[in-house]
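Presented sequentially are two complexes of chain A, the first with chain B as partner and the second with chain C.
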Partner chain A sequence: MSHALVVGKGAAGTFSSWLLAKRGWEVTLVGRGTPSTALSTGCLRSVPNLCRAAISEFLNNESMPWASGEREGISRIGTSYRCWMSPAHSTWKQGETPKSIAVVGLDGHPSLLPRVASALLNGRKIRAAPFTLAGQVPSEVPLASSFRKDEAWEDLAEELQKMSVETILIPSLVTLQDYHRLDQLEGRCGRDVLEAITPLGSPGQRLADLMLSKAGEAGVTIWDGRKVTALDVKDDVVVGATVVGGMDARHLSVDAVILATGGPLVDGLVLKEREVSDPFGKFRVVRSAAPLTGGYDSLEGMLVNTEGRAMVNVAGAGDCLSSGSREYGSGLTEALESAYRAVRALEGT
Partner chain B sequence: MRTDVLIIGGGATGAGIARDLALRGVNCLLLEMGDFCHGASGGNHGLLHSGGRYAVKDPTSASECALENAVLRSIAPFCIEDTGGLFVSLPEDDPSFADTFIGSCRSADVPLEELTAREALRSEPELISSVTRCLKVDDGSIDPFSLVQANVDDARSAGARVLNHCAVTGMTVEKGMVVEVKVRDRRGGVPSTMVPDIVVNAAGAWVDEVAKLAGCRVPMGLDQGSMLVMDGRQCRHVVNRLRPPSNGDIVVPNHTSTVLGTTSRPAGAPDDVAVSGEDVDLLIRETAAMMPSLRARRAIRTYGGVRPLLSGGGREASRSFAMLNDERAGNLLSVAGGKLTTYRLMAEKVSDRVCGMLGNRSECRTHREPLGPPAEGKGDSIPAARLVRKYGSLASSVDTTDTRVVCSCEQVLRSEVTAVLKAGDALTLADVMRRTRAGMGYCQGFDCSMSVLEIMVEQNGADPVSSLSEFLGERERGLGQASGDQLRQEMLRRHVLIGVYGLGDRE
Partner chain C sequence: MNEGRCVKCGSCMRVCPVLNDPLGERFPGPRTTGVDAPRFLERESIGRNALMCTMCHACEWACPSGITLTRSMLKLRSEMIGERLPGHRKMVENVSSFGRTVSTEFSGWVENGERTLYFPGCIGLGRSTGLTLSVSSLLTSLEIKHDISSQALCCGSPLVKIGALDLADDLRRRNLEVFSRYDRVITSCPGCTYQLREVYGIEAEHVIEVLKGTDLGSRLEGRWALQVPCHLKRGLSPWTAEDLASILEGAGVSVVRMPEEDGCCGGGGGMLSGFPGTSSSIARNKVDMYRRAGVEGVITACPFCSLNLGREGMKVLDIGEVIAPKH
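Here is the complex of A and B:
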């Protein structure tokens, strides 16, 4: 069995690991830190043109059902958020805008801004009113951890029952394991429960957790919290890698590598002043005036070495690749599609 | 609305004049088109000059600075940090300049003390070790927002009326006198025509534009200067280069950051504050010659100001000031030139002249009376000291028992925002930022702006979209040159604001 090393545990790294494992590779996934997937809204903004079925299968999860198609939701400040795929409680089908919304914030916590969001919704001709639930949640405590206990959910359902509206917009509160609580809450309070679209919070973390667990279920060996510090290259072929975690350094023999380390935002590419560069010192980086679009050069899916030749067994995926026209917010779909392309490129070898 | 004196411009000069006149019992009204410190009063390094910088070239300004430095320390200690200042000479500098400098300071009465290189390095460890001479002076850092607000508050308690966000749009001149001034008020509700006996034009860089409304001209040498804000305090003292005033030779530690300054180029207009990439490179290169560690530090943002210099402009122009009026509008008195450190003196001279015109014989009191009642301390803790530094005597009105924080970069309490909004002058997010510092830290208001906005909507019913767009646009102007870690922060900010919230993309 061929052994693949995948570096990076965000969307691109987990999806390519999962695809490779399904295709019979032995896969080791090495990742560290917080991938940008975990900073995202946990929704797929743009429609995948490639591998839609594989994406749906990869993201399928019993406790957190997905909705796809032309979807619309409300950001935590009240602006409209359109996407193609989201957790079921994050969005509605475009055109089926709720008639009236109670925007429910929690006192002392900035995760959903009820007054700002209501003012913005009213400006968009959606009837909305702000509510703030007392019972102070200190702003430094992540909301999800305040809502681990059943009593907190009982209290919330009781409060929400009193509101005479069709839909209730709440802050993003739940982890992946707790997602079913939103269904329970909907049942208890008899209103549609909508979760505000929130970056840098639990929705992104949920998605990252889900993806990593799917890779694990597919048989991928996951080395979390470790870093690939060096790649051994012979004649444009990577034959091994050094993986460091704490005091422990290991050498790994590999037949193929996918770099899905992320862009400069998460330190996947080194950013010095306004220039990005390759932390391994092996591959060519396309520089660009806009640092957002700089990244690894590739040729038919394979990375290009510093001499300009395509590597034989190293592909790239996700934000670490150079991208001519990366749009804000479309990164997840692109990451998944590029992971699919990377796997195809390696299979072709 | 009738008033004896109408003052146009809510920078340090205008606010100082309002306070001075009000303390002399003169009925006056101050109008500011934006927020206080809209122009150069908010676009400078926050350096309380000892006078050293001007001693060689402009001894009059140097003496004025030295005197006013002492006055401000006694009347407004809350907004000043007594950091002291160092003038340092490097091997590549002209060795004879240090002696010329010492002689000039002595004759201009600018106090100074020479340190040995060893003493200099001990008191300022980040200085380059090759420093050859070091002179210690009475420079300090000053918070211009807090200073001007204190002048406004004190003017009000002495009876003056002061309105920000009120722009003068036109003047009617009859028989060589301004008889009517037209005003556009952002709040609404204030009469749009003012009838003054005397108009004081203290509009700073806009002084010529205001004079034109009355058919007069004030030739100015507008001059843009760029500054770079570094995260954290990088030195203990204000650090100056001991050489003829040039670009990039001042480092000022202030609040939670350090400001590097400055540059000089002719400005095309009063609001031509744009900072170029070359300016940023120059500021880092020049200041790092004195303090090499600055190269490795995180630059948060840039900002610019336009110096309202007397005609000629540039580094050679006098930092002194002038009062001008002519027969085309005999009751319009324009003030041009000057600098933050000497704002009170300018205000005194202008007020003397105004009182002369009005036949009022009261004497100036602004150099003797403290700016507002003494700040009531809430202990010596760092948070309490920070509140006093920002709000002066109003610090005691902040409810410190509510520990909720809205801006984690600058540790701004929710109750500070509430207190500032209650005081009434802050209409926009940027207004709140200038008073509380919420949004001035390294995240540049990325997240706290939303929390502050929530409080504003709750208290004032502010329109969230326009307020937010205006604020984020203003912050973004300072981030165009971001690099390194600050660029990563900026990328995240743009992902969230544009990608998720859909802000900034709207037409």
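Here is the complex of A and C:
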């Protein structure tokens, strides 16, 4: 069996690992740090054109059902958010705007701002009223930690039952394992429960957790918390990699590599002032004056070495690739599509 | 240090076991203590709640920018001024008077001039002496003749955690004299192993590394969960942490894998002595979670994890207590 190394555990890395494993490859996925997928809203804003069925299968799971189509939701400050695919409790079908919304936040916690959000919704002719629940969670502390136990959800349900509205907007509170609690809450309080769209919170983390667990289920060996520090290249072919974790290191022989190391943060492309460069010192990088568009050069899906020749067995996926233009909010869909292209490019070899 | 790379994403705060505990809200959090405070001139007066961290490295693993938060926090701790917490004061007194953080209960010293030293660490000699005897007989059954030296003192790791660097350095000098008589040092505490490798430059082996590749069996019955020690997985080696599970499974133990198994027990970083209430609250929540999973008990490879979870009524065994060679 051919052995592929995938570097990066965000959307591009996990999806390409999953695709390769499904196609019979032995896959080792190496990644370290929270990927930007986990910092996202956990929704796909733009519609994929390339591999919609594969993406749907990849994201399909029992813990967190999805809704897709023309969807609309509300951000934690009350602005409108439109997307193509979201967790079921995050959005409604466009055109079916809730008649009345109670915006429920926790006293002093920034996870959802009831007064600001209600004012903005009223301004958009959506009837909304703010509710602030008593709470003593410091603003630095993630709210999810206060909603691990059944009692906290019982108390919340009791409070929500009192509200005479159709829909209740709550801050994001649940992990992937706990997503079913939103259904239970809906059952208990008899209202539609809507989760505010929130970046840098649990929805993005849920998506990243889901993607990693799907890769694991497909048989991918996951080396979490580890970093690829060197690649061995012979005649435009990568034959091995050095992986470091803690005070330990391993050498891995590989037949193919997908780099999905993300944007220019520390473990991916090296950012010096306004220049990006390849941390492995092997591949050509396109530098760009525009923000977020520089990255690895590629030829028909394969990375290009420093002499300008296409690599034989190294493809790139996601944010580490250079991109002509990047539309606001399209990153996740683009990452998934480029993972699909990377796998196709490798399969062609 | 590399704090300037922070993108303010909050990943460190979402994974922090102290911030996520109901009794941990006084902790300013990893971003304040590991990223922001170290850059301020007034850092030395940050206050004692900054010590409310178990040094579990979860924030460091979560950081997308590769910031070495734990290293920054340790530096901050060494610069802090003001009175020590009562528990930390006691630790310093103990080390100053007899060289270990807790009183020594162990009496089974072996000083035969063997070439291998088994270094159980302060908790192994003072609190979990049964664990130490089990590991020692396991090593003997693997035909590894070893000493347990009464002259080997605290490795210094707990002192580094409370910022007492001079004392830690003194211990290192005294221990190195003892270690110079041996070719091989084996430990059962990931914190000691880390300290000996990182600070002493000695290739100390954790008992899991010794056991790997050996034909082992176990008589343990029922389903057991794991408590994967922080300093093993995120300090020494994530591969060695995976070996904990594979060695047990290979020996025939029925291991239940749980996503939360590598979460901190609350016992590290000077929390157990400095903030016993928060430390036991973190442990209690872990114990509740294990109970919900309906397991017989928990297997770990760290005396601190054994001690802290055990205090909350959990049945906790060390890997050294549950397996034996097959022959």
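The working rule: the second predicted complex is superposed on the first by the 345 of 349 C-alpha atoms of A that agree within 3 Å, B and C clash if a C-alpha of one lies under 4 Å from a C-alpha of the other, contacts with A are read in each partner's own complex, and residues count from 1 in each chain.
By definition in this document, a residue touches a chain if its C-beta (ideal position, glycine included) is under 8 Å from a C-beta of that chain, and two chains touch if they have at least 3 such contacts.
Note that the coordinates shown come from a computational prediction; the quantities given were computed from them, not determined experimentally.
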Task: Could you check whether chain B and chain C clash or fit when both are placed on chain A?
output: fit
Message: A:200 in the overlay: touching chain B, chain C, both, or neither? Say first, second, both or neither.
response: both
- prompt: Which partner does A:273 contact after superposing on A: first (chain B), second (chain C), both, neither?
  reply: first
Message: Contact-wise, after the overlay, does A:120 reach chain B, chain C, both or neither (first, second, both, neither)?
response: first
Message: Is A:225 touching anything from chain B or chain C once the two structures are fitted on A? First, second, both or neither.
response: second
- prompt: With the two structures laid over each other on chain A, which partner does A:75 touch: chain B (first), chain C (second), both, or neither?
  reply: first
- request: Have a look at where A:253 lands relative to chain B and chain C in the superposition and call it first, second, both or neither.
  value: neither
Message: Touch test for A:41: chain B only (first), chain C only (second), both, or neither?
response: first
- request: Mind working out whether A:306 is in touch with chain B, chain C, both or neither, as first, second, both or neither?
  value: neither
Task: Would you give the minimum C-alpha distance from chain B to chain C, in Å, for the three-chain superposition?
output: 5
Task: Touching chain B in one complex and chain C in the other: list those residues of chain A.
output: 39, 138, 200, 265
- prompt: Can you list the residues on chain C that touch chain A in the complex?
  reply: 2, 5, 7, 9-11, 13-14, 19-22, 25, 28-29, 31-32, 61-66, 194, 197-198, 233-240, 259, 285
- prompt: So in the complex, which bits of chain A are touching chain B?
  reply: 39, 41, 45, 75-81, 105, 108, 110, 113-116, 119-120, 123, 138-139, 197, 199-200, 264-265, 271-274, 291-292, 327-330
- request: State the interface residues of chain B toward chain A in the complex, per the touch definition above.
  value: 404-406, 447, 450-451, 453-454, 457-458, 463-465, 468, 483-485, 487-488, 491-492, 494-496, 498-503
Task: Report the residues of chain A in contact with chain C in the complex, numbered from low to high.
output: 32-36, 38-39, 136-138, 140-142, 144-146, 148, 177, 200-202, 205, 223-226, 245-248, 250, 262, 265-267
